[in-house]
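Sharing a structure below in structure tokens format, with a few things to ask.
In this document, chain identifiers A, B, C, D, E and F correspond to the written order of the chains, with residue numbering beginning at 1 in each.
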Amino acid sequence: MNEKLNIAVFPGSFDPFTIGHESIVNRALPFFDSIIIAIGVNNSKNCLFSLEKRISIIEKVFHENSKISVKSYSELTVNFCKENNSKVIIRGLRTVLDFEIEQTIAHANKNIQKEIETFFLLTLPEHSFISSTVFRDLYEYSADFSKLLPSNISINDLK
Amino acid sequence: MNEKLNIAVFPGSFDPFTIGHESIVNRALPFFDSIIIAIGVNNSKNCLFSLEKRISIIEKVFHENSKISVKSYSELTVNFCKENNSKVIIRGLRTVLDFEIEQTIAHANKNIQKEIETFFLLTLPEHSFISSTVFRDLYEYSADFSKLLPSNISINDLK
Amino acid sequence: MNEKLNIAVFPGSFDPFTIGHESIVNRALPFFDSIIIAIGVNNSKNCLFSLEKRISIIEKVFHENSKISVKSYSELTVNFCKENNSKVIIRGLRTVLDFEIEQTIAHANKNIQKEIETFFLLTLPEHSFISSTVFRDLYEYSADFSKLLPSNISINDLK
Amino acid sequence: MNEKLNIAVFPGSFDPFTIGHESIVNRALPFFDSIIIAIGVNNSKNCLFSLEKRISIIEKVFHENSKISVKSYSELTVNFCKENNSKVIIRGLRTVLDFEIEQTIAHANKNIQKEIETFFLLTLPEHSFISSTVFRDLYEYSADFSKLLPSNISINDLK
Amino acid sequence: MNEKLNIAVFPGSFDPFTIGHESIVNRALPFFDSIIIAIGVNNSKNCLFSLEKRISIIEKVFHENSKISVKSYSELTVNFCKENNSKVIIRGLRTVLDFEIEQTIAHANKNIQKEIETFFLLTLPEHSFISSTVFRDLYEYSADFSKLLPSNISINDLK
Amino acid sequence: MNEKLNIAVFPGSFDPFTIGHESIVNRALPFFDSIIIAIGVNNSKNCLFSLEKRISIIEKVFHENSKISVKSYSELTVNFCKENNSKVIIRGLRTVLDFEIEQTIAHANKNIQKEIETFFLLTLPEHSFISSTVFRDLYEYSADFSKLLPSNISINDLK
């Protein structure tokens, strides 16, 4: 058994946190002692939801699970990991394009902090249609996007 | 801390086990209590090396590491995992084509055994040229393929 | 023979309508009773040409073909289809990237309106170089882009 | 309304016909007067099931649907289409690799018979794990592959 | 001006040499002093045409061009280049899959012979449908494949 | 030996010029009489560094090499080539996405100026993590990006 704690970081913008993100966290959880959901704050990105709203949604999703916490950060992800004693980043992969983008980022991370690894989980087929573009389209046209949200989150929680 | 042992399975044909495979095992090892390197035996596949040779090479690579063991199997990988009390498969990803093939397999595995996950690690850039086709080409033309082998394996070990 | 009318919707921003779009419409036309060319109006997208200009160009291209009409819409494409009694969306595919983006959209559409299908046609090789980025480059540098336009449209029609 | 019959050809080796194939046929059917499921016979390909078995399975799947017929052929697909008065080929797309292979074939077909089109439908997410390789693996290891078969086909039908 | 001769090697199996290959050679030719078309002989590959036939076709295509020669080889391509005082390999790229396969090979070559470079040219759109699989299909079904051959090669030349 | 000068153009935005760009230039150089590094000036693109800064960095990298010059341009790349008596464009390829984007551009260029070719070199594995997105991330968070710069360029040169 490992003597050190196995802490994983799941970084993203989570604008908002969807059922796809929830699934990745729940599937990875049995293999780690804790998971930090880390909201990257990037000034040059236009977000639909405020940081506070995004944090409160994630906290509501996992409020019963003491192994999961939420933090925000505004630095390189690998530096955030180091400060939080984590040696592993969790990422979901949905498409070939995702794979290519993540490959560049993972190689860059490896170059900066050699001891931090990235573990990838593949999005489940039933979540294959969930992308931020699809969410924005549904949101913009006031269409029903409740299917994209974790089960204990309602559309009212996003207001 | 997890109370159950975290056992990972790293399946493949390992014909032969290369420095690329060694790297994946070493990078994944800190996050698991043990890793089983599982050689899939498939009658319809023509292998360059006998099963015995492939086992002995892997045993030599990791002979000092009690957390790593080698087994062969001739059944569905997810069934092998279950029998070995493992809930996680480790796979390396090198190319977009790898990603697509692994995605189909991972979705099929998920369909058969819902509780088993696959974690993917990306091949390091310095191993990006190592494929079974490249190995076979070098081997067929008696070119020097020692750079593709783990550091404590020599060409004589393959004879 | 089908008793209901087979109406297809060909959605896009058509900024502007090119010889590539014209080709998709003409190739799909024999299999449908009518095709609605549907210009999606999206406030967050910067277009080179006004909606009126885009409509007038398409009307000029197909003015002799009573089976083809032009409409604009500002809602989910599948909802537009339903209101227009269409059960099929036509899309062109040119690249692997197109394929991936369209796959997410098609899966999302299927999730919202199960009974609407998307049929994909592959762009002809002779139109493989026609993308909106290429058009914008030629347009910005005042280069000759007449080869990208349908045969009865001249550069003056875009002014 | 079209005056000529709209006949589509759905070609493949169907070794065997899966729930994925059945889904493509059922989704395309509303838009055509009839669909011919066309089993390509290629001497250089090793099939798991005899041509007779493959035909009988497809006939059982669609025995109540007079719009669907089964034929085998041993020539270029576009020539088979012409002889059967069909101007449209239906193909399913599951992966980026599929897309690339189909693009070459579709361009070649277009070069040989300009008037025949290929319409592509995207495999549903719930069938994303169904490939011939996955089927062969399950079959070889005597694992349960009944989930891959159309609902009225049992494992006994394949014997 | 370069003082050393700029010799390029264009390797392949050329089974047979098509209009696609001819185009790559002609497009690269202005930038090199000579091009060696190098037929790789690989015992494990089943070829449609004998080595002698493949050589004679290429010689016929370029018989008037003294800058182009044909050779066969049975060793690593980079070693063949070195023996022929060439420092550059020419390759055509048609698809994403081509790109990935060539990337692995080019990285392996670079690892073996650091001073040899590979220059890639993209297949012209009008040749996008020419693949060895398409040729074999046309050939097997005795269909007309003359469009795939260089202009001064007839079907009789292949007999 | 070629009697005309073989001049290559290496176009890009070079914001900034990285060790990846330097590598492409150095690898291509032996095959050409001279290379023009051509900075495309595009008003709609937000650059991190001024045109003057970008020029001065490239001049510093290659100040000892009389075969290499730097120019800026604001027109179609193929037109710039023509005016500079160049018949070949050099481009680096790193990812599948690069390949697809470059394929469209190369086909468009071919359509405008038939006699100009594009030669592609593949990025070396050790530079696989260098993208403009990665640079911007490191730059934005004031992280150390000196590994991305050519060896004789320091972070101070970018100020």
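The rule is simple: a contact is a pair of C-beta atoms (placed from the backbone, for glycine too) under 8 Å apart; a residue touches a chain by one contact, two chains touch by 3 or more.
None of these values were measured; they are calculated from a predicted model.
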item	value
Same or different residue numbers at the chain C/chain D copy interface, by half rule	same
Most distant chain from chain A by Cα centroid	E
Turning angle required so that chain A lies on chain C, C-alpha fit (0 to 180°, nearest 5)	120
Euclidean distance of C-alpha centroids - chain A vs chain F, Å	35
Between chain E and chain C, distance of the C-alpha-averaged centres to the nearest whole Å	39
Residues within chain E bordering two or more other chains	96-97, 100, 103, 107, 110, 125, 128-129
Touching pairs among all chains present in the structure	A-B, A-C, A-D, A-F, B-D, B-E, B-F, C-D, C-E, C-F, D-E, E-F
Parts of chain A lying in touch with chain C, wherever the complex brings them together	94-97, 128-131, 133-134, 137-138, 140-141, 143-144, 147
Chain A partner contacts - residues on chain C that touch it in the complex	42, 44, 74-76, 79, 96-97, 100, 103-105, 107-108, 110-112
Complex contact set, residues of chain B against chain F	96, 125-126, 128-129
Chain B - residues contacting chain A, complex	1-2, 5-6, 27-28, 30-33, 87-88, 93, 96, 99-100, 102-103, 106-107, 110, 117-122, 124-125
